[in-house]
Amino acid sequence: MEANETSVPMKIVVAVLFLFLLAPVILVVPISFSGEQILSFPPESWSLRWYAALADNPKMISAFWTSLMLGAIVTLISLAVAIPAAYVIVRMRTMGSTFLYNLFTAPLLLPTIVLGLAILIVFASIGFLGTFTGLVIGHLVITLPYALRVLATTLGNLNLSCEEAASTLGGRPLTVFRRVTLPMMAPGIVAATALCFLVSFDEVVITLFLTGPRLTTLPVELFHHVESRADPLVASVSVLLILLTLAVVMIVDRTVGLSKTFVK
Amino acid sequence: MTAIAAPSVPAMPRLALGRTGTATLLLLPIAIINAIGFILPVLNLARMSFNEALAGGGVREAFTLANWTGLFGDTFYVELIVNSITVSLGITLATLVVSYPIALYLHRSSGRWRTFLTVLVISPLLTSAVVRTYGWIALLADQGPIVSTIAAMGFSPPRLMFNTTGVIIGLTEILMPYMILSLLAGFGRLDPRVEEAAMTLGAPPARTFWRVILPLTLPGIALGCLLCFVLAVSSFITPKLLGGGRVFLLATEIYDQAIVTLNWPLAATLSMLVLIIFGAALAAYARVLRAID
Amino acid sequence: MMHQTIRSGSPTLSDDRDAHLRLDGLTKRYGDSVAVAALDLAVPKGELVALLGPSGCGKTTTLRMVAGLIKPTDGRIVVASQDITQVPTYRRDMGLVFQSYALFPHMTVAKNVAFGLEMRSLPKPEIERRVKEALAMVRLEALAERKPRELSGGQQQRVALARALVIRPSILLLDEPLSNLDAKLRDEMRNEIRDIQQSLGITAVFVTHDQVEALSMCDKVVVMRGGKLEQMGTPVEVYEHPATPFVASFVGRTNRLEGIAQGDGRVAIGSMAVQVPGRPGGKVEIMIRPHRMKLVDVGSGEDAASEGVNRLAGSLTRVTFVGDLLQYHVDVDGTEIVVEAASDHGRGFRKVGAPVAVLWRVEDTMVFGRGA
């Protein structure tokens, strides 16, 4: 805003604070090219040895594939479950729509440490711990509320008369949904897809409670690695993770626009 | 379009299910996942906090307040709780101080520049907390750039890691995006013309800030503080990694009791305590909001 | 209550055997509030009928019930002698044009128009041929491959019309189709819709709150208020012989006076008296259209009372120039009367405050009883 020219000292303060905000994320990039044995910054020598070490680390690689599979499956199920739910809650307006919406998004209000423990105790008794099924359900508990929120908002903003027009033109309810409602929801579906995948792929706390010695996800593996030793391996993984996130975000930005998706 | 359909008018004559049936069927999957992944576990957790813990990780069905009384009778836990709350309050305040200028600047910027800065603010949110904490470990390490710089300036090198200082620094940065976005959401009422009006009435910048800008942004501040406080109280990854096992907070203790000591009733009790603190924070927030209006 | 020498046509035509669309006691209640109250209506084949009324009068609810988008609480909807009350929207064969056009944003113009034909599983060449035809009818062949957002409001409106007509619906329903267009375009589209409707000979129901639209386009006008039918008739009947004071004031502008009828064709208004048609008695409302009145200077040559002409004296309080009209505001015993005259190159202004007289023919006086 021209009217409120920010003063130079203020600009410097803002720049420093931005640096503070972004420093840890930016820092992992140079560290990943470190030639040192241990974590240090700035590194005294540069190399690609930690990327090579990553390629030779079967645990990390298998954890990565687990996370990728998990993220994909959780995202697919989230969409398959949340789209009909959003449709019923927004369009069919049965009794207690608001109540159901609040109930189904309530898991987001709980801290993950509490939710993780709660799920751990129940899953221990039904043998879900350390299983892929257990992880999928555990992740769905937090991805579904996000998906429902995004999809319900999208659906609520759609012009109902398009669907009505389609039905006057002879479209049966299911056809109208498939040919009109669903395509018009596309931006919301893209956003929900990205959000679900990122949330699942990044989830640590709940997953920590649910993984077992044989089955672990990448963030959990990273957590244990950082907990036990300080070497630049995590940095090289982080760089790859950041690139992956960037790719997802760019896809979303290209299709629907970023600020629409994440800022409300 | 509400549920006033006349009884004689079937909504979908061709579908045997009818309207309510279809709705129920479509909601069933989300209801099942919600039930077994949320409702059941949370109720069970509340129940667990009244069970009796046995040595070696066993649990006996009971209805005892022993976990609760034990918690407040043990100085370690009282200290842990007080410490968690004070550290979280400190983190909230620090986050507010470092986030406010960014939010204000963002609120005043426009166009592509604003979009770009917004992306910068959001991008850490999309980066794993493990990765960001790892970055802080590199920065705050004893041989790290910050400690070395301070030492090079002739001061005695401070310890910034594996203690509360490190946890506060790390969490402050981690929670910044939440604070900035909350502040921005609350800045809606802040019209630049109001500032101009104050200035044309002869208020110098500092007084404009205290008398006009700050009061108008109080709702955003309250929201951001609520969010950051509850996130700080329940945060686990950063205290665990940056605290190096030497910083005891509620969330790390819940994890240790659940995974290491295998005392589920105690872990459950601590979890309920976190929820109670959440409730108290929410009540405080509601009071503050009412006071502002 | 109603006093008119010429009846405004029977208010309901539900016994009309030629009716293509018939509503029998159609009712919609939301909880305690009644949106449409036992509406009877008959629309003859090939006619364009307007449902006219202020917002909340139930006209749109009625239209949506005909389309099947709202389930009636009670009553029947009959099309071509078949009761369709229970038939779901998608099997009703109605072409509905929405106020917001409701074009499918993700489909091209051609795909939008083809949608209804695809729902009917017509062979591809047939679909293509009819889409072309329909687009030619609304003069949009050139824009077939555009997306709706690339079109102007008027063009979108035409696509919506083509999409509704291409399925050869048994009834065309139009829900305030012109209210999102600017004034000039609205006039154009009015004629275009009327021409198309007449050339296809299709039965159509047109919902509007704009009396000009209703009067200028439609064969019949149905005036609604509070969910009830106030009057149905041709535009001329509704305008010239309104059945109720509400119709008189909603369709066209009116001046309103209250008085006591003497039973001999005279009505006392304060200290003055006027002649009215017929011989009503008791408290009455008198209405006169502003353009049927004439303003004269008191004592001038034109100010001569004659047989069959009413005269009220007052003083001129304001003159408003609205381009093609001059509006004189006259204070008659504390009641404001507006007289309209064609403005002639801005001539005809008079001095405010001057004593004037208002003249009108007795036959132009509308009288309504006010109850006891």
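When the chains are written out, they are named A, B and C in that same order, and each has its own residue count from 1.
The criterion applied here is as follows: a contact is a pair of C-beta atoms (placed from the backbone, for glycine too) under 8 Å apart; a residue touches a chain by one contact, two chains touch by 3 or more.
Only a predicted model underlies this, so the values are computations on that prediction, with no experimental measurement involved.
*Asks:* Select the chain at the greatest separation from chain A, using centres from the mean of Cα atoms.
*Replies:* Centre of mass proxy via C-alpha means gives C as farthest from chain A.
*Asks:* Pick the chain whose C-alpha centre of mass, unweighted, sits closest to the average of all protein C-alpha coordinates shown.
*Replies:* Central by C-alpha mean position: chain A.
*Asks:* How many angstrom lie between the CA centroids of chain B and chain C, rounded to a whole number?
*Replies:* Computed value for the inter-centroid distance: 59 Å.
*Asks:* Could you grab the centroid distance between chain A and chain C? Build each centroid from C-alpha atoms only and quote it in angstrom.
*Replies:* Those two chain centres are 55 Å apart.
*Asks:* Can you compute the centre-to-centre distance for chain A and chain B, using the mean CA position of each chain? Integer Å is fine.
*Replies:* Those two chain centres are 17 Å apart.
*Asks:* For chain C, what residues touch not just one other chain but two or more?
*Replies:* 88
*Asks:* Show the residues in chain B shared as contacts by 2 or more other chains, in ascending order.
*Replies:* Residues 1-2, 12.
*Asks:* Two-or-more-chain contact residues of chain A, please, as numbers and ranges.
*Replies:* Residues 173 of chain A touch two or more partner chains.
*Asks:* Give every residue of chain A touching chain C within the complex, in rising order.
*Replies:* 159, 161-162, 164-173, 175-176, 179-180, 183-184, 186
*Asks:* For the complex, which residues does chain B have touching chain A?
*Replies:* Residues of chain B touching chain A: 1-3, 12, 19-20, 22-23, 26-27, 29-31, 33-34, 36-38, 40-42, 44-45, 48, 98-99, 101-102, 105, 108-110, 115, 117-139, 141, 143-145, 173, 176-177, 181, 184-185, 192-193, 195-196, 230-231, 233-234, 236-237, 240-241, 251, 254-255, 258-259, 264, 267-268, 271, 274-275, 278.
*Asks:* Applying the document's contact rule, which stretches of chain A touch chain B when the two form their complex?
*Replies:* Of all residues in chain A, those touching chain B are 1, 3-4, 6, 10-11, 13-14, 17-18, 20-28, 31, 39-42, 80-82, 84-85, 87-89, 92-95, 100, 103-104, 106-107, 110-115, 117-122, 137-138, 140-141, 144, 148, 173, 198, 202, 204-205, 208-209, 219, 222-223, 226-227, 230, 234-235, 238, 241-242, 245, 249, 258-259, 262-264.
*Asks:* Which stretch or stretches of chain C touch chain A in the complex?
*Replies:* Within the complex, chain C touches chain A at residues 67-69, 88-96, 98-100, 102-106, 115-116, 119-120, 160, 163-164, 167, 173.
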